[in-house]
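By letter and in written order, the chains are A, B, C and D; residue numbering begins at 1 in each of them.
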Amino acid sequence: MSIDELAGELRRFAAERDWDRFHTPKNLAISLAVEVGELLEHVQWGSDAEIADHAKTPDGRAAISEELADVLIYLVRLADILDVDLLAAATAKIAANAERYPADEVRGSSAKRSR
Amino acid sequence: MSIDELAGELRRFAAERDWDRFHTPKNLAISLAVEVGELLEHVQWGSDAEIADHAKTPDGRAAISEELADVLIYLVRLADILDVDLLAAATAKIAANAERYPADEVRGSSAKRSR
Amino acid sequence: MSIDELAGELRRFAAERDWDRFHTPKNLAISLAVEVGELLEHVQWGSDAEIADHAKTPDGRAAISEELADVLIYLVRLADILDVDLLAAATAKIAANAERYPADEVRGSSAKRSR
Amino acid sequence: MSIDELAGELRRFAAERDWDRFHTPKNLAISLAVEVGELLEHVQWGSDAEIADHAKTPDGRAAISEELADVLIYLVRLADILDVDLLAAATAKIAANAERYPADEVRGSSAKRSR
């Protein structure tokens, strides 16, 4: 499946349930935050090593995969509603980041706030 | 570009900058929340109609596309680090949701908490 | 109870459980995001009128109060760890906002991004 | 200043600007997420030691204090709109947590998901 096909699936899913009226940009952006909050529960308290172990257990892996899926689902749905091509936007952003963070200048540094 | 290709691009981008050490699951999940927060600024105060208008202006559209791209970038990077197949996970989640929310039972209703 | 007393309660609560080691600024800021995510579930799909109704039911009110309490608890704990006086910081911020958004200029307008 | 007095200040601030119409529970909960996102930027990439250093610099301390203030401001405003007594809700939640996490059983453990 591709992102476009996923967007089509989600469009059908919403239409069959008459949920389009709920799928406003505001509500879908809130939903993204809800799902990211659920994802964050998995990294809330553990050390990096503990989180890596948790993510390798069958239950941890299944739960984290489901949260990642939920984030993707709402992201794709929101982009579809707004008619934004996610992969094209990401390609453009990576190109902009490559200019903003030249490898030679930022190597190994966490000084730049955003990366 | 596909999600797999995007994951490969991001892997190279991080490696060239020696940023892998920062790209822990904890830090990448935080980054997702940061970017969703920036996306939420665009839907923070407006009515649905105002947000739709904003999303159609060139500046609004560009800014929202960039935030959506940032969310996708961190999501794909996090899934790559965790070796999760995002599209397969989304497909599985949609199948589970189809069972959980039968169209005939939930049509037009916002009573179910999650959709 | 005051915020200071709440901070003291939380300090004791953590100390008795040997949880101080988990209460890093990073983990507590994540916890804030987790709790705000749970709060957002209550406003995720409903209209303003539906949300107001939900917030008046005994169950809705109790659940929302609990989420608001969780946000306050982590906020006070994080500020305490960082030795920040929350109410003094809020007073300073309101004064800055009063200058930034003169009542006569912004009245009734949602044009300013932040308020 | 107390939380009640802060709530009163915020009520006046909104009334003078005719902003009550924007201060719906949905919009204020979004605002909380926006501000927590800005707070998360300060803990996004650093190690615990780096974050502690950052929080001690004058600029870092001022910026973090401002983000904490913003979270408190929206939290108090949202609770005021919903007529929830934040400190009473927090007191009740701490009592519930004390029962849920007996000190003798959870000491030093991160096994319990929520704390």
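The definition used in the following text is that a contact is a pair of C-beta atoms (placed from the backbone, for glycine too) under 8 Å apart; a residue touches a chain by one contact, two chains touch by 3 or more.
As the structure is a prediction and not an experimental result, all values here were calculated from the model.
Chains making contact with chain A as well as with chain D: B, C. Two copies of one chain, chain B and chain C, form a contact in which over half of the residue numbers belong to both partners. In whole angstrom, the spacing between the mean C-alpha positions of chain B and chain C is 24. Mean C-alpha position of chain C lies 3 Å from that of chain D. Residue positions of chain B with contacts to 2 or more other chains are 22, 26, 29-30, 33, 36-37, 40-41, 43-46, 110, 115.
Per the touch definition, chain B reaches chain C in the complex via residues 26, 29-30, 33, 41, 44-46, 50, 110, 113-115. Listing the residues of chain B that touch chain A in their complex gives 1-3, 6, 9-10, 13, 16-19, 21-22, 24-26, 29-30, 32-33, 36-37, 39-40, 42-43, 46, 48, 51-52, 55, 61, 64-66, 68-73, 75-76, 78-79, 82, 84, 86-94, 97-98, 101, 103, 106-108, 110, 115. Those residues of chain C lying in contact with chain A across their complex are 22, 27, 30-31, 33-38, 40-41, 43-45.
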